[in-house]
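In the part that follows, the structures are each spelled out as C-alpha cells.
Each of the two complexes below includes chain A, the first together with chain B, the second together with chain C.
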Partner chain A sequence: MPPAFRNPATMRTIHAWLLLLPALAFIAAFTHYPAVNTFIHSFFLDGRGGAPAQFVGLEHYQYLLEDEVFRKALVNNLLFASGTIPLSIGLAMTMAFLVNAGLAGQSVLRLCYFVPTVLPMIAVANIWLFFYTPEYGLLEQIRGALGLAGVNWLGSESTALPCVIAVAVWKDAGFFMIFYLAALQQIPPSLGEAAMLEGASRLYYYRRVVIPLLMPTTLFVLVNATINAFRMVDHLFVLTQGGPNNASSLLLYYIYEVSFKYWDTGYGAALTMVLLGFLALASIGQFGFLDRKVHYR
Partner chain B sequence: MSQTNIYDSRGLARVLDTAAAWTLAVLWALPLLYAVWTAFHPSEFSTRFTLAAPLTLDNFRAAWDAAPFARYLVNTVLLVTLVLSGQLVLCTLAAYAFAKYDFPGKGILFALVLMQLMIMPDVLVVENYRTMSAIGVLDSTLAIGLPYMASAFGIFLLRQTFKSIPKELDEAAAVEGASTLQILWKVYVPLGKPVYLAYALVSVSYHWNNFLWPLIVTNTTNSRPLTVGLQVFSSTEQGVDWSIITAATLMTSGPLLIGFLLFQRQFVQSFMRAGIK
Partner chain C sequence: MSAIQLLNVSRHWGDVRAVDDVSFEVEQGTMLVLLGPSGCGKSTTLRLIAGLESVTSGRIMIGERDVTHLPPAQRQLAMVFQSYALFPHLTVRENILFGLTVRKVPEAEREKRLTRAVDILGLSALLQRKPGELSGGQQQRVALGRALVAEAAVCLMDEPLSNLDAKLRHEMRREIRALQQTLGMTMVYVTHDQTEAMSMADRIILMQGGRIVQNATPSELYSRPATTFAGNFIGTPPMNLVRLDDARGSVCVAGSRSGKVGVVDSANYVLGIRPEHVRIVPDGWRAVVESVEYLGSSSVLGCRVGGEELSVVVDGVSDIAVGAEIYLHCPDEHIHIFDAQTGERRGTCR
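What follows is the complex of A and B.
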C-alpha cells in the first residue's frame, strides 16, 4: 500500500469525494455546464441545417435593447413580480393568523387554503380559463346578472396580466401560509401574556411583537416568491399564450417561444442570461439568509 | 394544533374574523368545487346550479376515450418514481459527506451545490435540451428526470438532519466493525425517516405537477406525462365541451389530490418541515 493511503486523513478525503461524486456529476452536468454554455452560446448564431455556429459577439445583446417584445416581457415580469410577491405574502400571513386563531373549523380552513398548492398549475389554469371566458364564463355570468357590460378578461391588453397575477396569487398564498403557521407555533404564549399585562392592544401586539418575530420567515418566503415570479409560466400556456399582443408574456415564456417555436437558441441564450441575472439577485438574499440560519444553530 | 393565545379575538371581533376566514376559504376552494360540479354533471348544467341536476360519469368516460390518459398516468408514475429514487440515493450520499467529513474544498463544493437552489434546471431548458439531444435520449422519461436527479434542496435538507445525529453513534458502530456505507444505511437513514418522508412528498408533488421541461423534451405519447397530455388534449379539442375538459383536469390531479386528502396531516407537516430546516 503506498504510504498516502495509510494516512487516515487522506483516506477520509477520498471517501468524502467518492460519496459526493455522483451528485456532483449530475449537478455539474445539468446546472453548471448548461449555465456556462448559456453564456457562451449567447455570443453565437445557430448554424442552420448542420452548418457550424457563427460568432456574432454582442449582437444578441444589442438586439435585446431594440426588441420590443423582450422589453414588454421584461416589464410584464417586473409587474407580475410586484403584484404576486406582496399579495401572496400578505394573504399568506393573514391566512396563517386566521388558521392559528382557534376559530371554528380551523382544519377545514387550512385545507381550503392549502389545496391549490398540490394541484398542477396546468390543470387549475383550465378551470380559471372557464371563469374568465367571455359571455358564458362564470365571471361574465355574474356580471351579466348584475347588468354590467361584458369584459373579455383574457383578451384585453389591460386585464390579461392582472388575471394571470390573480391565478398565481391563488396558487402560492396557501403554500407560503404553511411556513408562517410553522413560525407562529414557535412563538411562546407567554409573550402574549406579558404584552397583555403591559396593556398592549391587539393591533399593537401583532404589529410590534408577532410580525417582527416572523421576519426570518418573511425573508425566506420573499426569496421563494421572487424565484417563483421568474419561473412560473405554466398557466400562460393555457390562459393567454402570452397574448393579446404580448400583454401577458413573461421572460421564461418568451425564452420558450424564441428557442422552441422560432428555434433561435442563440438569442434564447442571451434572454436566459437576463433571467439568470434576476435569479442571481434573489440568490444574494438567499445566501445571506442561509448563513444566518446556520449561525442560529 | 394551535395553543390558545391570550390575544385570540373575542365577541364581535371573533365573529368578524370567522366570517373573513370562511369567505377566503370559499374563494380559495371555489375553482376546485366548481370543477367537481361541472365534471360530474351533464354539460347543460355547467353554469346552472340546481339540486335537480343529474349526476353522471359520462364526462370522465368521454375524456378517457378521447386521449391516452392511461398511458400518461403510467408515464407520470414512472417519472416520479425514477426521479425520487435517484434523488434519495444521490442526496443521501452527498449529504452524509457534507455532514460528517472534513476535507479540503468542502466549503466551495457546498456553495457550488447550493447554486442549484437559485439556478434551477427549470430555467436552463435551452441548454439542457441540447444535452438531451446530444446524448440521444429526447422524448423519454429518462430525459425528463435526469436534470432533477441530484437536488441541492435534498442535499441541504438531509445534511441538516445528519448533522444533528450525535457522532458517538457512528463511533460505536465503527467499533463494531461497520463500514462507512453500513453506518450510513443502519444508523443515519433510519434516524432520518421523517425528513425522508417530507422530502418524498414535496418531490412527488413537484414532479407530478411539472410542465414546461416535460413539454419541451417530449413529443409523443410514449413519454408524455399527465400535465403535458392534458395540455395537448385541451388545446387541440377546444371545440369539445367544457365538462369533458374539466373531467380530464380532475383525472390529471386526481391521484395526487386523493393522496393529499388521505394524508393531509403528513403533507402539511412535511411541507413545513422542508421549509423551516
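What follows is the complex of A and C.
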C-alpha cells in the first residue's frame, strides 16, 4: 500500500469524495453540462437540413432587444410575478394563521387548503378551464344568474393574464401554507401568553412578534415563489396557449414555442440565458438583502 | 389586607379536576410558594390567577377587585415563565420594554423604569444583545426585568429556576427573594423543588391532585406535616413512614418483635419519623443496615426494622458496614402520628 493511503486524513478525504461522486455525476450530467452547453449554443445559428451550426456571436442577443413578443412575454412575466408572489404569500400566511388557531374542524380545513397542491397541474388547469369557459362555465353561470353581461375570460386580452394568475395563486398558496404552519408551530405558546399579559392586542402580537419570527420561512417561500413565477408553463398549455395575441404568454412558454415549435434552438438558448439571469438576480437580491434582516433562531 | 384571594376556585376539564375547590389568601408584600409534584395543579392555579385559563367555578380577587372574568392584561400583574418567554428577535432592551411600549407609557417614564430595573439586575452591558446571545442566567434576569418594569401589584413566577444549573439556581433563589423583600413585592411562586420552597417562602401551599394538602409556614410544614404526603414530600431524605403491627397485645413496628412502640395503643396508625431524629443506641429497635450513602457532612444509613425500611442520618463518615446489626431509637416528641387509613395527622406525642 502506498504510504499516502495509510494516512487516515487522506483516506477520509477519499471516502468523502467517493460518497459525493454519484450525486456529483448526476448534477454535472443533467444540470451543469446542459447549462454550459446552452450558453455556448446561444452563440450559434442552427444549420438547416443537416448543415453544421453557424457561429453568429451576439446576434441572437441583439435580436432579443427588437423582439416584441419577447418584450411582451417579459412584461407579462413581471406582471405575473408581481401578482402571484405577494398574493400567494399573503394568502398562505393568512390560511396558516387560520388553521393554527385551534378552531373546530381545522384538520379538514388544512386538507382543503392543501388539496390544490396535490392535484396534477394539468388536471387543475382543466378544472379551471371549465370555470372560465364562456357561456356555460361556472363563472359565467353565476354572472348570468345575476343578470350580468357575458365575459370571455380566457379569450380577451385584458382578462387572460389575471385569470392565469388566479390559478397559480390558488395552486401555490396551499403549498406555502404548510411551511408557514410548520413555522407557526415552532413558536412557543408562552410568547403569546407573555404578550397577552403585557396588554398586547392580537394584531400587535402578530405584527410585532409572529410575522418577524416567520421571516426565515418568508424568505424561503419568497425564493420558491419567484422561481415558480418564472418557470410557470404547464397551465398555459391547457388554459390559453399564451394567447390571445400573446396576452398571457410567459418567458418559459415563449422559449418552448421558439425552441420546439419553430425549432430555432439557438435563439431559444439565448432566451434561456436571459431567464437564468433573471432568476440569479432575484436569488442574489433576496439572499443578499433580506438575509440580513431575517432573525434565525 | 390580602393582595390576592382565591375563593373555592376550581378548574375541570371533563372529568379531570386539575384544580378542585381551592381557597387561599396572599398577604400584601409576601411570597407564597405553590409546591407539589408535577400534575398537582399548582401551575394551573397560577395560570388561573394570571387569567391564562378560565375558572370552572369560584372567584379570584386581586386587591379589592374581582378579576375572575377579566382578561390577563387588565389584572395588573407580571409573570415570569418557566421558558422565560423572551421574544427571540428583539433585543434585551426591547424585550424589557415590550409591555411599556404596548401600553404607550411615555418615553421618559419608560427610560426611568428601564434604568432602575437594569441597575438592580446588572444587565446594563447586555441591552443591545438578543436573547439567543445570553446565558440561561442572563435570560432569566431579562425575564425578571420585564416583570419589574411593569411595576405590577402582583408578580407570578412559574418554575422560573428549573432551567438553570444547580449553582446558578442557588444564586438566583437568594436574589429573587432579596428582590421580593426589598421591593415589597407580592409574589406567587410555583415550584416542585422543596428546597426552593422552604428557603424562599413566607408561606407554602402544598398541593396534591388539584387540592390543597397544607397551607403553612415553612417551619410549620416541616414540624407539623398535615398528612403522610406532606411529611414525605418535605425533607431530604424524606420522612420515614412506619407501619405498625398489633402482636400479642403490644404494638410493634410491622414485622418486628423488638420494635415496641409506646406512643400509640393500636396498629391503626402510621408513624412519621424524620431520618435526622433517629439515634443509634445500645438498646432499642433492632435494625439491619442495608445501605450506606455518604453525603459529605452526613451519611444516610438505609436500615430494615422487621418489615419496614428506615433511613437514618448520622454525622460525617459512618464506620457502620452494610449488614451490621444496630439498635435505633427515636425520642417520643419527634414521632408524628398519622391515621393509617386516611394518612391524616393525629398528633405528636409530647
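The rule is simple: the second predicted complex is superposed on the first by the 282 of 297 C-alpha atoms of A that agree within 3 Å, B and C clash if a C-alpha of one lies under 4 Å from a C-alpha of the other, contacts with A are read in each partner's own complex, and residues count from 1 in each chain.
What we mean here is this: a residue touches a chain if its C-beta (ideal position, glycine included) is under 8 Å from a C-beta of that chain, and two chains touch if they have at least 3 such contacts.
Everything numeric in this text was worked out from a predicted model, so none of it was measured.
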* To do: Identify whether chain B and chain C fit side by side or clash on chain A in the overlaid structures.
  => fit
* Who does A:Met11 touch here: chain B (first), chain C (second), both, or neither? -> neither
* When the two structures are overlaid on chain A, which partner does A:Ile211 contact: first (chain B), second (chain C), both, or neither? -> neither
* Asked: Just chain B (first), just chain C (second), both, or neither: which does A:Met196 touch?
  -> both
* Just chain B (first), just chain C (second), both, or neither: which does A:Ile142 touch? -> neither
* **Contact breadth on chain A, by residue count: chain C or chain B** => B
* First (chain B), second (chain C), both or neither touched by A:His32 -> first
* **Contacts of A:Thr265 with chain B and chain C, given as first, second, both or neither** => first
* Partner chain(s) touched by A:Val75 [first = chain B, second = chain C, both, neither] -> neither
* Asked: Between chain B and chain C, what is the shortest CA distance in the superposition, whole Å?
  -> 7
* Overlapping contact positions on chain A, where the chain C interface meets the chain B interface -> 193, 195-196
* To do: Could you pull out which chain A residues touch chain C in their complex?
  => 188, 190-191, 193-200, 204, 209, 212-213, 215, 295, 297
* Structure fact -> Residue positions on chain A within touch of chain B in the complex are 12-13, 15-17, 19-20, 22-27, 29-35, 37-38, 41, 91, 94-95, 98-106, 108-124, 126-128, 130-131, 136, 138, 141, 170, 173-175, 178-179, 181-185, 189, 192-193, 195-196, 202, 205-206, 220, 227, 230-231, 233-234, 237-238, 252, 255-256, 259-260, 265, 268-269, 272, 275-276, 279-280, 282-283, 286-287, 290
* Structure fact -> Listed in rising order, chain C residues that touch chain A in their complex are 50, 52, 71-73, 77-79, 81-83, 85, 87-89, 98-99, 102-103, 130, 132, 146, 150
* Asked: chain A touches which residues of chain B in the complex?
  -> 1-9, 13-14, 17-18, 20-22, 24-26, 28-29, 31-32, 34-35, 38, 47, 89-91, 93-94, 96-98, 101-104, 106, 109, 112-131, 146-147, 149-150, 152, 155, 180, 205, 208-209, 211-212, 215-216, 226-227, 230-231, 234-235, 242, 245-246, 249-250, 252-253, 256-257, 260, 264, 267-268, 271-272, 275-276
